[in-house]
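Think of it as A, B, C and D in the order they're written, each chain with its own count starting at 1.
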Amino acid sequence: MTPVDYLQFVLAPQVVNGLALGIAVVLVALGLTIIFGMLDVINMSHGEFYAIGAYAALALGAAGVGFWFLLILVPVLMVPLGMVAERLLIRPVFDTKDRHVTTLLVTFGLGLIVEDVLKIIFGANTQRPPTPIPGATEILGIILPNYRIFLILVGVAIVLGVAYVVYKTRLGAMVRAAAFDRNMAASLGVPVSLVYAGTFAFGVSLAGLAGVLLAPIYSVFPTMGRDFILLAFTVVIVGGMGSIWGAVVAGLLLTQVQALASLIISPVWTDPIVFGTMVAFLVFRPQGLFGRLGHA
Amino acid sequence: MTPVLDIRDLGVSFGGLKAVDQVSFQAQRHRITTVIGPNGAGKSTLFNLISGALRPHRGQVLIDGVDMTGAAPERTKAAGLSRSFQITSLFSELTVAENLRLAAQVLEPVGRTLLPISRSTRALAKTGQMLDRFQLAHKRDDLVGNLSHGDQRRLEIAVCLASEPKILLLDEPTQGMSHGDTAATAELVRGLTDDVTVLLIEHDIGLVMSLSDHVVVMHQGRKLAEGSPDVVRADPAVQAAYFGHA
Amino acid sequence: MKTATITPIAAGLLAATTLAGSAFAQSGPIKIGVVTPLSGTYTPIGQQVRWGLELAAKEINAAGGIAGRQVNLLFEDEEANPSVAVQKAEKLFQVEKVDFLTGTVNSGSTLAVAQLAERNAKLAATTVSFADSITTDKCSPNMFRVNARAEQQSVALAAWLAKEKPKAKVFYLGPDYEMGRSTVAAFKSSAEKGGAQSGGEVFAPLDSKDYTQYFGQIRAARPQVVYTSVAGNDTVRLLTQLQDFGLLSGLTVVGASGTVTSQNITAIGAAAEGFATGVGYSPQIDSPANKKFVAAFREANKTDPDLYGADSYGLLFAYKAAVEKAGSTETDKVREALRGLSWQTPQGTKTIRAGDHQAMQPMYVVRVTKGKFDIIDNVSSENAIGPDTCTRF
Amino acid sequence: MHDRLTQSMRASHLLALLFVLASLALAAMGTATDDTFYLRLGTEALIFAGLALSVDLLLGYSGVLSLGQALYFGIGAYVSALTLMKVPSFWLAMAAAFTASLLAAIIGGLIANRVRGVYFALITFGLAQVLAKVVYNTRELGSSDGMIGIPVIEIAFGPFSVSTGSPVGFFLIVLVVIMALYALTAYLLDTPFGRVLTALKSNERRVPFLGYSAWRARMAAYVLAGVVAGLSGALYPMLRGFVSPELMFFATSGNAVISVVLGGVGTLAGAIYGSVLLVILKSIIGSWTEHHLIVIGLIFMLCVLFLPKGLAGVLRPPVEAWLSRHRRIPGPVPDAPVLPAIAVDTKAAPQ
């Protein structure tokens, strides 16, 4: 293979495809990092909420709802689900001493249940909604499917939107205040328990949105929730718990590391390398790249 | 005679901020030395440097003439230094007796580490002694988390003392206490000097003046003055920097 | 409290089974244990196994059973985990006293269950696992395989490829684990005997999310054929991503029999068009026996049978023939009867080779056309089977 | 003089004793009815109880959740299997598993103990995941298929010997091993070392200021837990005759965590009860519906929410109460005079 071939056919597409995968990972990690960072809750069922979003898109799409409408409808439908889950499962153990472990265990149990319920409702076979935007475009000799280009653009828009809400709006300020010091926020008139429920629901809703967006590429099956979860947790840790920019940078960085490692070393080693990165961060920089949201 | 605690030119900075800067003083055996200063003067940071919670960037900490600079907390503890915390730090899921015994366990020879707890006779005796001395015997089996604030502060001093230290660092032992409790605690601290050397952080100036043998005044990370309570009180720099605001 | 509950249950079941075991062993129904994944990733395969066996049992029972005895199927979920499979199999052998066992899917479970069958002096068969080792170096006198193994599939596919695309440049993409690697190696050696040349090979981790990272290598190699041995969800992703990236045009994709199945073909959609593989079964087989089977299967389960369903269906008829020939359900007698047995299945006559307990059967090459597998070639059972390398019996 | 922790440990011992008696009853009944399956299922439950014990040692005492304890269980199982295929000696296999899990736990502990809390959970999860993948891809270890053909062996005790193929014989051997592991961990927890562990769970940051190295104590607990898991794992291939990478997968670690939560965190005996309970639940529900995940998940979730102390939380208090009645331990005196919040030391003021 000539160096030019290598660059055009191998290296450049690898980097560009890594970008699309990176955006996908960022979308899944976004909700996780918000729940993690603001509520200090480990949501092990985040992957299953992602699966619920994908299945909802599949079922509603089959019922005739258009893809563009689904992008709004599914995240909205996920909000009450998140509220109920928070009220029933997180709230009762929120004030236990070891919140991390307890919420991790409860949501782990929830994950088991959701996975099985999805199988009962939708069957065990893999399904896939049609690609909403077919075709591919050639950019500088690199062929990229149109839907992936769309995904990259939408992903960027979502990240910017979420960052705007969290960092720039009054709502976001309230949430950050409640995360920083619950009592102080309450004394300032922030409805803390509603904010907590809302934050959890927001994270869940983002997982659902990721489900809608990624279903055409990665297909839909009951155990799909486990797919991204280890990578998403890694991204959250490397990026810094609760840091939106951290999740973005870490998500893009790790998927690039993965893509290049699989190309240069071997696909087998991608998992150990990604995991090794997580260990290195935990050991040398436990606060992650960007530190922690609301916890300066 | 070597001072039991000798602080030489101690300093640490966070970012650009010099939290503790070139602080030197000595604590004499069986005396109460008190560190005072406004909020942010670096008093708690100083305690952290001495007890090993933080590693100083410069200077030395000598315990009984032995250099313990930057040693881990468990090593400064082994050298005879015990400390309390500004915010009570105990084992709230354990009982009063268990807290004390845990602290007293260090008195046992290493060989008993893996023997049944009932063989730790020295620790058991010490626990009983502390329970009596601090009048906590009737609460020995209460969970510490259920104790009143005052009882917890008192227990914290007892826990520090249970390991028979040479030096006791008390970080605002009267913090959050009523007047009556504060006076009682002062009496308690005064009574400790038979056994240990006390290094104290305290805000209540009246208390400081009546209790201390020696006072170190800190301001913005630096030592402003030191001496007997009367000398310090008379120091114009201290007047300006500290009592002016008090 | 809890220990109090285990004992009555244990005692009760024990009492019940000892009774059943002694009094009705030779006259009651014949019990066949099915240890198959009913939860987890392999659920769809377990479903086909279940449906195939249930249909066969229904037909056999309606026609008077095996040697006049009804067939009773007992299902247990093995979660595609050998540890669970062995535990459940032991329950079926010891408590339910089943006469015969089948259903295991992943080769780890099949091998572990084979050893358990030996230690319990019972017989078992697999209808799904296609790892060569089960009837070669890790063969067991108590394990039979009625489905085609990897080599039979490779031989059939390679023979067709040599005719269709002589001297083709083939790129190999397998899942990175033992089974995926050995399947690729087996096909590669068959294909290269037929004149194919290698355009490179790559192994992707199991459950890869994105295969696009390998597309550069594929594009640069400019192969005419891509061979893959990925399966399940991985195939859905691989093929749809190949399509999205426009790599499928002008490329022939071939693969292992488990790569595209009735479980994932709908999800793959148009990207599956033209995919060819070597299998032991296709619903398209044009024989009266198969047409009848497909119709009955569809009637019962609202879906087409695939090779797992068909092979599982066929197994019960082999067992029926063997028991009737042996005149008993005793292990040694049935084993002797199964050895060399020829019987009719929807896919034609199958024969169990006595030397390694591997079924010989005609092999087909099928290609996806408009979402259905069409038979495009076949190889006789003798040409596909390969040598007997089992040395244990 | 017994304190409260010693007292609760005694209550656990009593529960463990009840467990042993029930096991012996099962063994007797199994022999009488010539049973194989239930005895071997019981043996397997006991083996996994050893794994649950090691999870409880970490979660219930040093206060860290390991989501990858199956790593050491798997190492024990593989090393035992490899040893048995070369030399059919129980003692050699146990010694090899001990050494291997000890070394692995030291290495794993050096990595995992750099962090705590949820990070510890994620790191242990990742460690197990990576090693399981390595085993899954290693041809010499049978890769994804695992290894079969581990022989039935005779376990020799001087002039006596028991075959691993004997359902009741091996059941009793495993009972002895697991109860010995229980006794060892329970004993250690009732020593000054054990008290430091308990303190770690309660307030880790305070521990160094009492003169104990928190890192060393955590490390010791981690290595101990690794060895307990490894020795339990070593018994697995003797029972089932094979090993497979699934033994190291998250499902195995997850089941151990579920067992501990069901049985009661921080009670040791609860871990053993929980493990047996889970096996029974799975066995019953598994035959009744293939959707056992829902049932197990639901029970587990309800347990975390409403029964945070698990089965032992229900069983142990009455046992403790009974014990204290029968041992006349001085409890808190109910009619003690109410003292002022701060008691003044009666010693004279200095100088």
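Structure notes:
Convention: contacts are C-beta pairs under 8 Å (C-beta built on N, C-alpha and C of every residue); 3 or more make two chains touch, one makes a residue touch a chain.
Everything numeric in this text was worked out from a predicted model, so none of it was measured.
Looking at which of A-D and C-D shares more C-beta pairs in contact, the answer is the pair C-D. Chain D has its Cα centroid nearest to the centroid of all protein Cα atoms in the structure.
Per-chain CA centroids place chain A at a distance of 34 Å from chain D. One simple way to say how far apart two chains are is to compare their mean CA positions; for chain B and chain C this gives 73 Å. Here the spacing of chain A and chain B, counted between their Cα centres, is 48 Å. Mean C-alpha position of chain C lies 39 Å from that of chain D. Among the residues of chain B, none is in touch with two or more other chains. Touching two or more other chains at once are residues 133, 137, 291, 293 of chain D.
Across the assembly, chain A contributes 116, 119, 268, 271 as residues in contact with two or more other chains. The complete set of chain-chain contacts reads A-C, A-D, B-D, C-D. Chain contact summary for the complex, chain A toward chain D: residues 42, 89, 92-93, 96, 98, 100-102, 104-106, 108-113, 115-117, 119-120, 230, 233-234, 237, 268, 271-272, 275, 278-279, 282-283, 286. Across the complex, chain C meets chain D through its residues 1-7, 9-11, 13-15, 18, 38-39, 76-77, 79, 81-83, 86-88, 90-91, 93-95, 106-108, 111-112, 114-116, 119, 131, 133, 138, 176-179, 205.
Looking at the complex, you find that chain B touches chain D at residues 51-53, 72-74, 77-78, 82-83, 85, 89-95, 97-98, 101-103, 105-106, 108, 112-118, 120, 123-124, 133-135, 138-142, 148, 150-151, 154, 159, 163, 177-178, 180-181, 184-185, 187-188, 190-191, 193-194. Per the touch definition, chain D reaches chain A in the complex via residues 59, 63, 65, 111, 114-115, 117-119, 121-123, 125-126, 129-130, 133-134, 137, 254, 257, 261, 291, 293-294, 296-298, 300-301, 304-305, 308. Residues 18-19, 22-23, 25-26, 29-30, 33-38, 40-42, 44, 133, 136-137, 139, 143-146, 148-149, 152, 165, 236, 240-242, 244-247, 249, 251-252, 273, 276-277, 280, 283-284, 286-287, 290-293, 311, 315 of chain D touch chain C in their complex.
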